[in-house]
Amino acid sequence: MTDELVTHHKKQLNITIERPVLNRMLDLLDELKVTGYTVIPSLGGSGSEGTWRRSGMVTDAGQMVVVVCVLDESRVAEVLGPVFRLVEKQIGIVTVSDVQVVRPERF
Amino acid sequence: MTDELVTHHKKQLNITIERPVLNRMLDLLDELKVTGYTVIPSLGGSGSEGTWRRSGMVTDAGQMVVVVCVLDESRVAEVLGPVFRLVEKQIGIVTVSDVQVVRPERF
Amino acid sequence: MTDELVTHHKKQLNITIERPVLNRMLDLLDELKVTGYTVIPSLGGSGSEGTWRRSGMVTDAGQMVVVVCVLDESRVAEVLGPVFRLVEKQIGIVTVSDVQVVRPERF
């Protein structure tokens, strides 16, 4: 038995958005058949719209959330377009990065 | 004095697992001598097993957690094998990505 | 209308630090004109200084936090220096990774 697992190249999208927009984003991801995502809370932050850390930090957690999803590279363009169009009307940022996964059929 | 720090290439493992499996995962990482990790909470998510966001979101945070660890590239194979074997019996996902760090001797 | 958005290469810094150092770090990022960051909580972790998961997990969340910021590559050296000098006196870790973003003018 070997521990040398084969890994497969995928793309990770990190979508940082305001909490009130989250359900709309998750509905959009469901429509786009993006089935693997995790929602991470935040304690505060700062963006081009100003700092929101002073008021929100610790006591009012979750003003912004980060939706992390892993996609096949072939799906990035079709997903990134609608996701970005929802984010650009709001405060938020979308990043795309490279990851390796073990089970390619899941994404 | 220069701010040009030398950075070193490492691998980051993100292990997304159910909260009840976390202690077993951390024990495994301890056994494998993976000494640098951080555990991030989540608010909800969706995977090949279905969506868990509706029930868990916000009020019951922490159903899934993300264990983030940074490893020397030479250790990825020996760590990824046992970690994946624990995750594959459960709901979860493991991703591997490239990062740079300043202090290489820590990992 | 096409969904093929142009993405631009940036660098992501993940700064994992103790909660009491967070305000000093955010002040430093403000001074350095790093305007886009998000602060992520943690539930626990382990580092070269030992494990802090047993005491801190779940009930005393937020002992460590992760400041995630996205920067233009041209700014990494000038930002990483001061950030690392603050972190190295404390428990903490800084990683640098590659990301793509849609709106380059924001960083």
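Here the chain labels run A, B and C in written order, and each chain numbers its own residues starting at 1.
The criterion applied here is as follows: a residue touches a chain if its C-beta (ideal position, glycine included) is under 8 Å from a C-beta of that chain, and two chains touch if they have at least 3 such contacts.
Computed from a prediction, not measured in an experiment: that's the story for all the values here.
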When chain A touches chain C, do the two copies use mostly the same residue numbers, with over half shared, or different ones?
different
The angle in degrees, nearest 5, through which chain A must rotate for its Cα atoms to match chain B is 120
Taking each chain's centre as the mean of its CA atoms, how far is chain A from chain C in angstrom?
16
Shared-interface residues of chain C (touching two or more other chains) are 40-41, 97-98
Tell me, which parts of chain C touch chain A in their complex?
2-5, 7, 10, 12, 22, 26, 29-30, 35-41, 62, 65, 68, 70, 97-103, 106
Per the touch rule, the chain B residues reaching chain A in their complex are 14, 16, 40-48, 51, 53, 57-58, 61, 64, 66, 77-78, 80-82, 84, 88, 93-98
